[in-house]
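The structure appears below as structure tokens.
Each chain carries a letter (A, B, C, D, E and F) given by its place in the written order, and its residues are counted from 1.
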Amino acid sequence: MYFHVQEFINEIAEDEPDPAAANALQEGLGGQFGEMRTMMQYLFQSINFRGPDVKPYKDLIQGIGTEEISHVELIGTTISRLLDGSPQYQGKKSDPVDKPGAAGAVPLNIALDTGNIHHYLVGAQGALPVDAVGNPWSGSYVYNSGNLVLDLLYNLMLESTGRLQKCRLYEMTDNKMARSTISYLIVRDQAHENAYARALETLGVEWRTTLPIPKTNAERFPEVKALIDLGLQSKQYSFDLTAQSEAGKIFQGASPSGDGTTLDASEQAPAGAPMTISPERREEFSPGADKELQALIAATAAMEMADIDATFGRLS
Amino acid sequence: MYFHVQEFINEIAEDEPDPAAANALQEGLGGQFGEMRTMMQYLFQSINFRGPDVKPYKDLIQGIGTEEISHVELIGTTISRLLDGSPQYQGKKSDPVDKPGAAGAVPLNIALDTGNIHHYLVGAQGALPVDAVGNPWSGSYVYNSGNLVLDLLYNLMLESTGRLQKCRLYEMTDNKMARSTISYLIVRDQAHENAYARALETLGVEWRTTLPIPKTNAERFPEVKALIDLGLQSKQYSFDLTAQSEAGKIFQGASPSGDGTTLDASEQAPAGAPMTISPERREEFSPGADKELQALIAATAAMEMADIDATFGRLS
Amino acid sequence: MYFHVQEFINEIAEDEPDPAAANALQEGLGGQFGEMRTMMQYLFQSINFRGPDVKPYKDLIQGIGTEEISHVELIGTTISRLLDGSPQYQGKKSDPVDKPGAAGAVPLNIALDTGNIHHYLVGAQGALPVDAVGNPWSGSYVYNSGNLVLDLLYNLMLESTGRLQKCRLYEMTDNKMARSTISYLIVRDQAHENAYARALETLGVEWRTTLPIPKTNAERFPEVKALIDLGLQSKQYSFDLTAQSEAGKIFQGASPSGDGTTLDASEQAPAGAPMTISPERREEFSPGADKELQALIAATAAMEMADIDATFGRLS
Amino acid sequence: MYFHVQEFINEIAEDEPDPAAANALQEGLGGQFGEMRTMMQYLFQSINFRGPDVKPYKDLIQGIGTEEISHVELIGTTISRLLDGSPQYQGKKSDPVDKPGAAGAVPLNIALDTGNIHHYLVGAQGALPVDAVGNPWSGSYVYNSGNLVLDLLYNLMLESTGRLQKCRLYEMTDNKMARSTISYLIVRDQAHENAYARALETLGVEWRTTLPIPKTNAERFPEVKALIDLGLQSKQYSFDLTAQSEAGKIFQGASPSGDGTTLDASEQAPAGAPMTISPERREEFSPGADKELQALIAATAAMEMADIDATFGRLS
Amino acid sequence: MYFHVQEFINEIAEDEPDPAAANALQEGLGGQFGEMRTMMQYLFQSINFRGPDVKPYKDLIQGIGTEEISHVELIGTTISRLLDGSPQYQGKKSDPVDKPGAAGAVPLNIALDTGNIHHYLVGAQGALPVDAVGNPWSGSYVYNSGNLVLDLLYNLMLESTGRLQKCRLYEMTDNKMARSTISYLIVRDQAHENAYARALETLGVEWRTTLPIPKTNAERFPEVKALIDLGLQSKQYSFDLTAQSEAGKIFQGASPSGDGTTLDASEQAPAGAPMTISPERREEFSPGADKELQALIAATAAMEMADIDATFGRLS
Amino acid sequence: MYFHVQEFINEIAEDEPDPAAANALQEGLGGQFGEMRTMMQYLFQSINFRGPDVKPYKDLIQGIGTEEISHVELIGTTISRLLDGSPQYQGKKSDPVDKPGAAGAVPLNIALDTGNIHHYLVGAQGALPVDAVGNPWSGSYVYNSGNLVLDLLYNLMLESTGRLQKCRLYEMTDNKMARSTISYLIVRDQAHENAYARALETLGVEWRTTLPIPKTNAERFPEVKALIDLGLQSKQYSFDLTAQSEAGKIFQGASPSGDGTTLDASEQAPAGAPMTISPERREEFSPGADKELQALIAATAAMEMADIDATFGRLS
């Protein structure tokens, strides 16, 4: 069973809208090696896991899988913010955007010359479950052979490829909003790569100097270096509300990446970052409330909620 | 940010393996109107949500979306259990299964005459991210127009269709394991249908006698009736760890289904059911640990975990 | 602009339900060489047609394309009838079907052992836009190079392949309902093959003894022979309401198939067969009207329609 | 059975070629909420319709479905015209285009920098059965649950989403050719939305102020306003050649959109607009007739057609 | 540049037709981890290879990739033979099969109850480029990151998964024809796994007891044991006509699987097995030559070929 | 069984990087009518071929199919070279590319404004198995009906369409590297078109003036004319190592294209062009060897290979 808090797993830096960067980031969300894929792959591996004797491996996969849901939330929001307001931002007068199409205005014509026209036409300047060339995410991406060593080996390769692509993404844009999320995911992919590499060590592999794969030297990227200095590549959170995870039996000892750090699974979750709601975009008819609807909404908002807080007893 | 507890959202009844039922249930997991779809649709709608003034609607969608992740876990596990051990169960002697292929044995030949051979060939008697005819789940299923009324209308239709299909699934099998999950999801789909119907009421629609859509009279199904008697069709949990959800401003008052109940959003989550790990299946080489691996695993299991429990301070 | 009459293009014979035959027929509806494909291909070729000097070729393609819409209607209805009532027919007592799922009955369990479970689970014992292995129809099937000779050559190959597959379908089932439609489409595919072959003759090709391709000798099939005796393989209707089609400039002279007949484009359309509406299927909740709905429907039905008939002036 | 007249359902305004607008319009043709989808969805719903007592609902769906075929023809032709001649138009000298590739000329290099290179490479400056990011149309889009209320609810949502996307399309381009078709489809989508909303009213729903969904206030678009002033949003044609449609039993009374109009189903079809054939494009080898072919074609054109007009007795 | 000899890379044992086994084998041909995938992945990795200093790695991948084309030929032919004649074999009288459909016979009705009806309906009892549930092979399967270590790691995982699936296939059928090819591919996958594991050893990884992954102990399968006894799991052929391959610089030394063998890259290719052509199948109209065609073919066959053998100077 | 030589089937001219041309060429590689398709179609037709009496037709298809593998290699390499170094070439300073991302540099930002971002993000400036709009190659493209005449007719249409698209590609770019491969493939497609047309002649068709289809008059393209002057459109190589091909029984006599040449099947293969390995691209981390890896690689390279050349006895 899953729970949610209204916080992001990491802070998203502020910068100007950038639809091209938004589209590139789609690969990290809905691409073959993006966050939707890691999330789904680890959830299915957890669901179908076999071997009561090897619970620590399941807990490791389950914990990383839970984190990936938050990564979907993080990168999806980043894409949404990179798109948000881009028609107005690109030099359009505010009036036509406020009065969409009035007298024949073309407030959305930016969409014709963008990475994915669906960002404006199908969605309302928001993230889509597709990759950077518009292919929808597919269930055929999920790998779950049921053989423990193979699944771990695949997961290692998956995290390594995800990190490689994110390093390339970093090189494609200098938008700070995009880079803050890219850099965070590079470091967390590294942590997950360490987790699967360490698990394979417990099953016999010796990596010697091979890790990390690939050797992108991402510490050359300033935002990445700042996170590595905090040791985020060597931590794994449990995201487990009742502390039953045994992932720490695996995720401990010297990092297989040979960077001199020690793996640490002692924390439940990182401190979250505040979550806000995006503004109205009238040219997208989103959320599209006219005066009548606004009156109805106001009436709803004014209602007294049942005193539900008192009942939140178990966890809060 | 998301968290997990090692419990199922509902108990799965015990019964014998049943691969045909397992395959039918795949529609409820990876089908166009299954749980992966509702989960992803609501997550994207939450991520891309617009309108700071309409937060209760976002919170409603977010809360249901979080529940859907637990539904994926529930139905995925149900499929896995329906498949688990089916080769042996179907009259095969235990020896060939314990010694896969030895001397030319064919312990997996059940797979040639089953709904989806991938259950045995690609997975290891486990759930797959596909529908009941083997089509992989697709990101193109996700609907998120950004217009609030349209998104709510779509969500209502989605839950109604999901419930219709589950009623048909109920009519296809009398396996108790399958039916316990089907029945639970019928009732929860009804709750979500009520949630979106109620939200549309706050925005102006009057349903009169139209709901529920469709009128399947699922209370004719005994397992469904038991859950309706508990009022589960009129509750919506928040799954929100820090009680910030305002969904209760919408999910309250008389049920739009006209069944005489009152909508109740006062609970955080249902009591969970215990989670266990599936046994080894040697004919699938899953998890596939030989003696050497078992020795290595035992060494890992014997390690003392760092005393991480004390650090679980914020939520537990 | 298109019009409809409430008649089928050919009569569908009566026989018992046969879900296996229904599923095989899906190839002829939604398969790569089925009727949805010919329909869409010819519609796109008509829309994108170039060359004011070659209007007869456009008219030929447009006329065949219009006929294909009626073929979609015919084969779709045939599939629907082959499925209709199959759960009850296969030895189930009528009660559980009339009271779906009551007391735990399993009226739809036939669906678990059928060609495509979606026929019962996603649809309500009706046709689907998929092929015989469940692949959805795809726009990537449509061929429209814009080069006239190539498009005609492709169309010839397409009709020939469609006819080959339908001859194989004939060999797969002896259900009379299925065979009446299969046989009609074999003969009409032959007519279309003649049309494209004749068009290529006007552009220089001499077929000599090559046609028909392939030589399936379908006159061995009694139902086919009956239609060939009527000359249906050598007629092409215009389906053109205002007689502007010039297709007859091409579709005339000796048949390129060398069967001694003369091609004839003089008729607008065949006589139609009566159209009826399928009965309710309660186990599918289709159409699903309960008493309240039935009362509302009855009220609608009792309304006097505006006297619209008088206004149907132009064409009737 | 279907028929055709060589007229468009609406006139297409004249303007200059505009490949970017053409590509955006592909969403309205081959997109998930475009005309191919509505057409196929309503055709399948008509074919699989259940309930002899509810024939007016079938007739309503059948009539709209027939109209959608004409919409496919209209928007497909609009795309074709927007593409037609664009290489020459964009400042290329006429000679290289007339003599494609002669001496190494690059008359099609515009294709490298356009929305969908397939418009020039796979097609010959014509419409494709794909959406605006190049995804082929898929049969998986079609929804037909068999439950009447659900199908109507889905259809309402489908028309509303189609209209929303077309309003966004209007905001993306000011090309008059594109806008004439976009505007016509906005108003017709509104009519269909009214049809399904009205049908749901007869089944119990009261929309009060909710309609239209969404409230795009498209009358701000001048071309749309002109059509609304004519009342086109409140008419539904039967497209039924023999006046058997009972759709008027539903489509009558005050418009559910609350615009003060009365729904009117008394007309068979609108007056059509003349249809012409696109010119040759030599750089596409389309239609590609050289001198020898032209001589053969001329010989065909000179043939006397059989006197087929006299035989067009039933309808003309 | 590629060449062909009219020989199979391994002999296919004789046994009776078995369409269920044929369909299972499709996973090994067109599945996500089948031979079409390995073939295409290694061809693309060879084409896009970077690093003049690391030519031995390219040569290793190229050599295995060339072998995979022969594997496609081998498993495709095995499937074709498993299907060939199955309608007649399953107890059908020979007459209806020889005279397809005559007097209404149903010689192909086996197709309605088989793994993939396309084997009889779209193909003519032959192999298809799809997996065992009918999904077409997809270019999205191909992995080629460009990073050498990652590509090798992926290839290792790919071969290991292919071998795992083939071990499961072995357990599904005891048809000797199927098993001869399955067993050969198990052993060759093992050889390729050794090749990529050895390549990773040269780049720093120490596998210790981990290999093979997974530990299926396939030597329990008698046909596999026979090939292992010949050492086929430790050989890699170059398939390089002019002996320029440097793969032997990598594929040498003790096998990383720890079976006591030494890797050997000294042979160009194995001895081939004779290739024959499948017989006519009249019920499939394949090849479909009637008397007239046969006469034409005989005339062609009687022609004297130009004396081309003398010109085969370079290689033979 | 297949073999390889380390040579290209034709020389690739030198020119500057051109990512737009590279992307257009993807249609010729992974498009529906590209080289991957012809290769796979002919391989499957060879594998499934029926009719011992018609071996020359099989040999013809097999020989062309083998050539197509070399075409995949040729066009794939051409795309790779067109992409190679493009970030640096487009005016980027060399330093940031040599030190990817150092201090926040954006060496790959060209990728955001290119035909397919995957060329830089998923691949490492290399070819992909997709078409020019990014659709992955699909097994559903392969046509193999089993009927000889139909398969030959389809193959003729396939080669003709491939040639048509390549003529359009020629008109899209004047990059010499792109055009050298485009022109070669135009002429080879013509040869294959002649082969299938000639085969159909032996089965009864008389083409008269129809061929080539379409009449693109590609000799207007200077690079094409040079190859036609060499007669390459009228040669077919066997690519058969042991001279067992009987394709020459068909591919002889006057060319069906009516260009006055005589078909010639006497050569085994063309002279090949030298093959080189692409340089490192540090901004792609490809191949990604750091100092430690380079030392390990150097150690491997220094090893003495076993004296394998002497063993290459059969063919060299």
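In this section, contacts are C-beta pairs under 8 Å (C-beta built on N, C-alpha and C of every residue); 3 or more make two chains touch, one makes a residue touch a chain.
Given the structure is predicted, the values throughout are model-derived calculations rather than measurements.
Contact with both chain C and chain E is made by B, F.
Contact with both chain B and chain F is made by A, C, D, E. Counting the residue numbers used at the interface between chain A and chain D, under half appear in both copies, so the two copies meet with largely different residues. Measuring from the averaged C-alpha position of chain A to that of chain F gives a distance of 39 Å. Centre-to-centre, using mean CA coordinates, chain D is 47 Å away from chain E. Taken residue by residue, chain F touches two or more other chains at 32, 122, 134-136, 138, 140, 145, 147, 149-150, 164, 203-204, 209, 214, 284-285, 288, 292-293, whereas all remaining positions touch fewer. Taken chain by chain, the contacts fit none of the simple shapes, being neither an open path, a ring, a star, nor a full set of pairwise contacts. Pairwise chain contacts present here: A-B, A-D, A-E, A-F, B-C, B-D, B-E, C-D, C-E, C-F, D-F, E-F [touch as defined].
Chain F meets chain D in the complex at residues 20-21, 23-24, 27, 31-32, 115, 132-135, 164-165, 167-174, 179, 209, 214-218, 220-222. Residues 1-9, 30, 36, 40, 43-44, 46-56, 58, 62-63, 66, 69-70, 72-73, 76-77, 80, 122-130, 136-140, 142, 144-150, 202-204, 238-246, 248-250, 252, 264-269, 272, 276-281, 284-289, 292-294, 296-297, 299-301, 303, 305-309, 311-316 of chain C are the ones that touch chain D when the two sit in their complex.
Against chain F, the residues of chain D that register as touching in their complex are 99-109, 111-113, 116-118, 120-122, 134, 136, 283-285, 288, 290, 292-293. Taken together, the chain A residues at the contact with chain E in this complex read 32, 135, 138, 140, 145, 147, 149-150, 153-154, 156-157, 160-161, 164, 200, 203-210, 213-214.
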